[in-house]
Each structure stands twice: as C-alpha cells, then as structure tokens.
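In the two assemblies presented below, subunit A is common to both, partnered first by subunit B and then by subunit C.
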Partner chain A sequence: MSYYFAIVGTQDNPLFEYEFGTSKQGGDGQSRFTEQVRHLNQFILHSSLDIAEEVQWSHGQIGRGLTGGGSRNGRYLKCIDKFFNNYISCFVTGGNVKFLLLHQPTTPTSTASSRSSTAIGANPTSPATEEAIKMFFMEVYDNWVKAIMNPFYKANMEVRSPIFRARVAAAGRKYL
Partner chain B sequence: MSSLPSSASTGKESGLRVPSNGKTIYHRPINRTKTSELSQASFAFLFSEMVAYAQKRVKGIQELEHKLNVQGHSIGIKLLDLLLYREPARTQLRPQNIVALLHFIKQNVWLHLFGRQADRLEKSTDAEKPDEYMIIDNEPLVNQYISVPREMSQLNCAAFVAGVVEGVCDGADFPARVTAHTVGEGEMWPGKTVFLVKFRSEVVEREAFLAKS
Partner chain C sequence: MAASKASRIGEEIWKTRIDKVNAELVTLTYGTIVAQLCKDFEDDYPEVNRQLDKMGYNIGLRLIEDYLAKSNTMKRCSNFRETADMISRVGFKIFLNITPQVTNWTADNNSFSLVFDENPFADFVELPDDGRAQNELWYSNILCGVLRGALEMVQMQVEAHFISDVLRGNDTTEMRVTLIRYIDDELPPEDD
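So, the complex of A and B:
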C-alpha cells in the first residue's frame, strides 16, 4: 500500500506534499510507487479537485445516498475518485483548503498480500479504511490549524516546517 | 519569550530555530480555557495605535476604512478555521449556506471576539438586493473609546470588524464585501453599527442552485 498526500490551497495551488507507505501489517513505511507512475500521482490527485468541489457543496444529498445517515463529519468527504488502481480521499477544512490522499493498494497478484485481504487498504472503500483515513486527516487537521495560526502565515502559503512534515509522517505511521 | 513560534516560518532546515524549551507551536494545545480573556484597556490602546497608523498613510475616509478593513481580513480567515476546530466534534460543520454562515459569525465569531453575540441579523428588505444582509451591533466594543471628530462623521472604525467578517466570508468561500455604517439610535444606542454584508452575485446564484437540487 502506497500513499501520496497533498494539501491544496484555495487557488488550487499545492501547499504541501508527502509520500509514504503503509506501516501496518509489517510494512516498512516506504511507498511502492513504480518509477513510471510516480510522476502521475500529482496529475491524478489534482484532477480530482473538480469532483471534490462538486461533492463539498452537494454534500447532504450525496452523503445520504452513500451511507444513509447524517452522522458524517461535514468535512470528510471520504473516497471521492478512482483512477485505475488509485483511490482518492478528500477532506475540506473550514477555510476550503483541501487535503487529498491518494492511496494505491498493492496489486493482489503479489503473493504476500493474498492472505491479508482484511488489512487496512486492501479494500479501499471499506468502512475500516475510511475510518483509518479519517483519523489520519483529523490528526493532520489538528496540526494544520496550528500551522496556519502562525502570525507569519498568510493564506495559501506553502507550509515548509519540518516539524509539520514530521507530524504528518507520524500520523501516517499511526493510522495507515 | 518562549511563546514566539519561531520555528514554523523559517524556510530552510538549517535555519530552523526552536525555542529554548523545545516547544514549538505544534507542541502546544490549540484549545484554551474559556476564561482567558484579554484586558480591554490594552486592546483599546493597540487599536487606537492601529487607527493612527492607518490614518497617517491615507488621504480620505474611504481609504482609511479600507486600510482598517484589510487589517481585519487576515484575522477573519484564520478565525474561521480556529473556531470551527474548537466546536464540539459533532457540530464541526463547514457553513454551507448564507444563513448558516451569518449565524456562525453572529454567534461564534462575536462570542470569541467580544464575549457576547451580535444583537441582530437582518436580510435586506429591498427585493432588488437579495445579496445584502446586515449584522447589527448596538455597541461595538472596538468603538468604545473612539470619538470621531465632527468633520469625519462618515468614519466608523468598526471597519476593522467588518474586515474580520469579510475574512470569515471569504475563507468559507462566500466572497463578500463588508462595510460598517453608523446608524445612531437616539440616546439609547448612539454608536449602533450596521455591518452590511454584500455577497457576490455568484454566491447568491450558487445558493439558489443548491436549494433547488
């Protein structure tokens, strides 16, 4: 399981990006994107922005359709897009900054993963995966609010703090 | 000076400086206790300096109000995320329509800034202007120690608060123009201020579209 996480500002400008792999099921936390597709991640992720915008405003309707309840967190949009084997989950902050997570399950043909089909990530749209990603997003959001409360931070500025990066990495290790 | 969050804004890793106690802004909790209020006297002093600073650099009243507006704008953008974050988890919803957004401003933003809610919320009765809403404050806290000279009677320093409101609206993706107007109401509320929120046409359009679907 490989992940590519990006924070996109209100002008559709990237503010932060981070690539990592799963640490669950004995994963080593390294991403397994092949060289041919790695550079496509950014395209895939940003191409889902249109859908994210559509979903964020028509949220009530779509929310009821999928899960049949109003108990969802209003900012977590769950899995919104799919491009071949790449799934994209989205989270919108109050200030309309979007957290996008691209997750690519390891292809089931590999021998090791055939036994672990219940693991987080093997089934990208299962409730367990959605919950894990939600926890990840909430933790990142926690740190994100702290980052933008910095008096020197202006809206839509790139976040370069190595501490923020380390915190995102820790959240990834913890939940994904 | 341990409270200076010096780490987050320094660009390169080599230049990173961490406060001597090792605590960056990321180590501090972002929720605070309800009772931690600031002294109004020091706020009034700072605010008067802000007005004086702006006044030195402008020619007219409109320009001065615009300067104050800009000063408030960035506060509004940040407040939006902070206050949503501090809401209890169940109600951490992004405002999705104009009324929800204005209620959020009237209640949460005002409560956070001034310790009380705004007095009233009104929609323009003029059918020609469906994009205009009014937030009414009988006694703006920022104006408490401001006396406007007669020749500048057009000025309302609550333009700063209008800037904050505008920042919240813009941040929530409801772009708007917000202006502050004095509408004194006799002896009772001589400093009554109306914050006129004029949303851009596309916001009203979107609102109508979402209501239909």
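So, the complex of A and C:
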C-alpha cells in the first residue's frame, strides 16, 4: 500500500506534499510507487479537485461538520475519485483548504474487493479503511491548525515546517 | 519576604484582581507584531530585537505602576534577591500567569537567570527557516525591555538579555538579568 498526501490551498495551489507507505501488516513505511507512475500522482490528485468541489457544493452548506467528529468544522468527503488502481480521499477544512490522499493498494482491486480483507487499505472503500483515513485526516487537521497559527506563516503559503512534516509522518505511521 | 509568601501573594492577586484575556489572542497579537517588525525592517533581526526591547521598555515604564497598585500590600524589596523573586512569583505570575525559575546567581548577588518553562508568547511559533533567524532573532525580546523599564522606575538600572531560547533549538529559554546600579534620587538643582 502506497500513499501520496497533498494539501491544496484555496487558490488550488499546492501547499504541502508527502509520500509514504503503509506501516500496518509489517509494512516498512516506504511507498511502492514505481518510477513510471510516481510523477503521475500529482496529476491524478489534482484532477480530483473538481470532483472534490462538486461533492463539497452538493452537500449544501459549506464548512458544516456533517461527517466530521463532534462539533468540529471541516468535512471528510471519503473516497471521491478513482483512477485505475488509485483512490483519492478528501477532507475539506473549515477554511476551504483541501487535504487529498491518494492511496494505491499493492494488490489489484479485483481480487481484493471480492474477498473482504481486514487489512487496512487492501479494500480502499471498506468502512475500516474509511475510518482509518478519517483518523489520519483528523490528526493532520489538528496539526495543520497549529502550523498555520505560526505568526511567520502567511495564508496560502507553502508549508515548509519540518515539525509539521514529522507530525504528518507520525499520523501516517499511526493510522495507515 | 519569603519566596513562598511571594507565591501566595501572586496567586491571590492573579485570582482576584486580574482581568483575563484569551491566551491565543495574546499569542497571535504578539506574533503579528514580531512578524510585522521582521517585514518592516526587512529581516534585519538585530534591529527587530532592538525595537522589541524598546517597545518593552515603554510598556515597563507604565506597567510598574499597575504592578504596584495591584500588589499594594507589599513593602519595598530589601535586596536584589528578593526583587528577583518578586519579578518571577508576582510580576510574571499576575501578568502572564507563569512563574519562571530564578537561578544561576552570581557570587555577588547582582546577576541571575530567569528560566522559562513555558512561554505563552511562543506557542505555535516556528522561526523563519532563512538560516539567520535561528541565530539572530530573540523572539520574546520584549520581556527584556519590560523588565528594564519597570525596574528603572523603581530606582534599579538593569541589563537584561536572552541567552537561550527553545525556539532556536536550545533546551531552555533563559534570560540573564544583571543589576548595574541603584539609581540615587537626584536632588533638584538648587535655586541660586
């Protein structure tokens, strides 16, 4: 299982990206994207932005915690797009910044979906995977809020903080 | 006055006589000031440090009045050690709700360190990664100015500066305060 995570700002500008692999089931946390497709990840991810917005607007009010935990703003849109074996999950913050996670199961989905596997990520649309990704997004969201509270951070600027990167990595290790 | 008594007084004043504001308001307001100074002086960090110190000095000149009014049950400090305890356990307590440790006294009792275990100004802050801010900017430098200004109004000329800051990657945040002299009351010029 390989993941590519990106944060996209309100002007559809990329703010942060991070690539990692699963740490569950003995995974070593390294991504397994092949060299041929690695550079396509960005295209696949960003091409799902239109769908993200469509889903976002079709739910009516913006920024209401429909699926988010408790009273918090920010919405988890679950898996919104699929391109061959790449699945895109999305989370929209209250400030309309989008967290996009591309996940690519190592096994082809045709076999994985027929047998419902318990491994997180083996079946990208299973409730267990959705829940794990939600937890990941929630943790990143908490850290995101802290990162942009930094007085030296300007709105819609690229996030370069090594601390934030480390925390995203930790969240990835913990849940995915 | 015993340190424990100072703590009690600080706690008492903090609980009963201080208007509270949201901590994030303070953090973000101060952060904005520092960020704006960095912008205005084009990342000339030594100059930003000076400006922060100057702003603090002007705050200190007035803040001491507020401090004395709120802690009106207290007497004059009998020595510099007592002053240090009061700064930490009453001053910092009532204005920022923190109690920095007073430590590292020199043998002549004229110089000590304030070690900040927590610093409400520095929440969320990461210094700019331009390779210089980490070595040049003292983010909380306004506090040095406040101490200098406040103590000057009570006849103590001090010098205060930070020597380490967790924001720079140091283990502690430490400010060095040194008494230069007690300012004698100057007599008005005689009418001849």
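Assume the second predicted complex is superposed on the first by the 152 of 176 C-alpha atoms of A that agree within 3 Å, B and C clash if a C-alpha of one lies under 4 Å from a C-alpha of the other, contacts with A are read in each partner's own complex, and residues count from 1 in each chain.
The working rule: a contact is a pair of C-beta atoms (placed from the backbone, for glycine too) under 8 Å apart; a residue touches a chain by one contact, two chains touch by 3 or more.
Everything quoted here is computed from the prediction, not taken from an experiment.
S.K.: With the two structures overlaid on subunit A, would subunit B and subunit C clash, or do they fit side by side?
M.R.: clash
S.K.: Once chain A of both complexes is superposed, is A:I163 in touch with subunit B (first), subunit C (second), both, or neither?
M.R.: In the superposed model, A:I163 contacts both subunit B and subunit C.
S.K.: Per the overlay, which chain contacts more subunit A residues, subunit B or subunit C?
M.R.: On the superposition, B touches more of the residues of subunit A.
S.K.: Touching A:P127 in the superposition: subunit B (first), subunit C (second), both, neither?
M.R.: In the superposition, A:P127 contacts neither subunit B nor subunit C.
S.K.: Mind working out whether A:M149 is in touch with subunit B, subunit C, both or neither, as first, second, both or neither?
M.R.: A:M149 contacts both subunit B and subunit C.
S.K.: With both complexes superposed on chain A, which partner does A:N96 reach: first (subunit B), second (subunit C), both or neither?
M.R.: After superposition on chain A, A:N96 lies in contact with subunit B alone.
S.K.: Which of these subunit C stretches, 73-81, 163-171 or 181-189, gets into subunit B when the structures are overlaid?
M.R.: In the superposition, subunit B collides with subunit C along 163-171.
S.K.: Which residues form the common part of the subunit A surface touched by subunit B and by subunit C?
M.R.: Residues 146-147, 149-152, 160-163 of subunit A touch both subunit B and subunit C.
S.K.: Write out the stretch or stretches of subunit A touching subunit C in their complex.
M.R.: 146-147, 149-152, 160-163
S.K.: Please name which positions on subunit C make contact with subunit A in the complex.
M.R.: So the residues of subunit C in touch with subunit A come to 24, 27-28, 30-32, 34-35, 38, 123-129.
S.K.: Give every residue of subunit A touching subunit B within the complex, in rising order.
M.R.: These residues of subunit A touch subunit B: 10, 56-61, 73-75, 92-96, 141-155, 159-164, 167.
S.K.: List the residues on subunit B that touch subunit A in their complex, please.
M.R.: Touching subunit A from subunit B are residues 5, 7-9, 11, 13, 16, 24-26, 28, 30, 74, 77-78, 80-85, 89, 92-94, 96, 171-173, 206, 210, 213.
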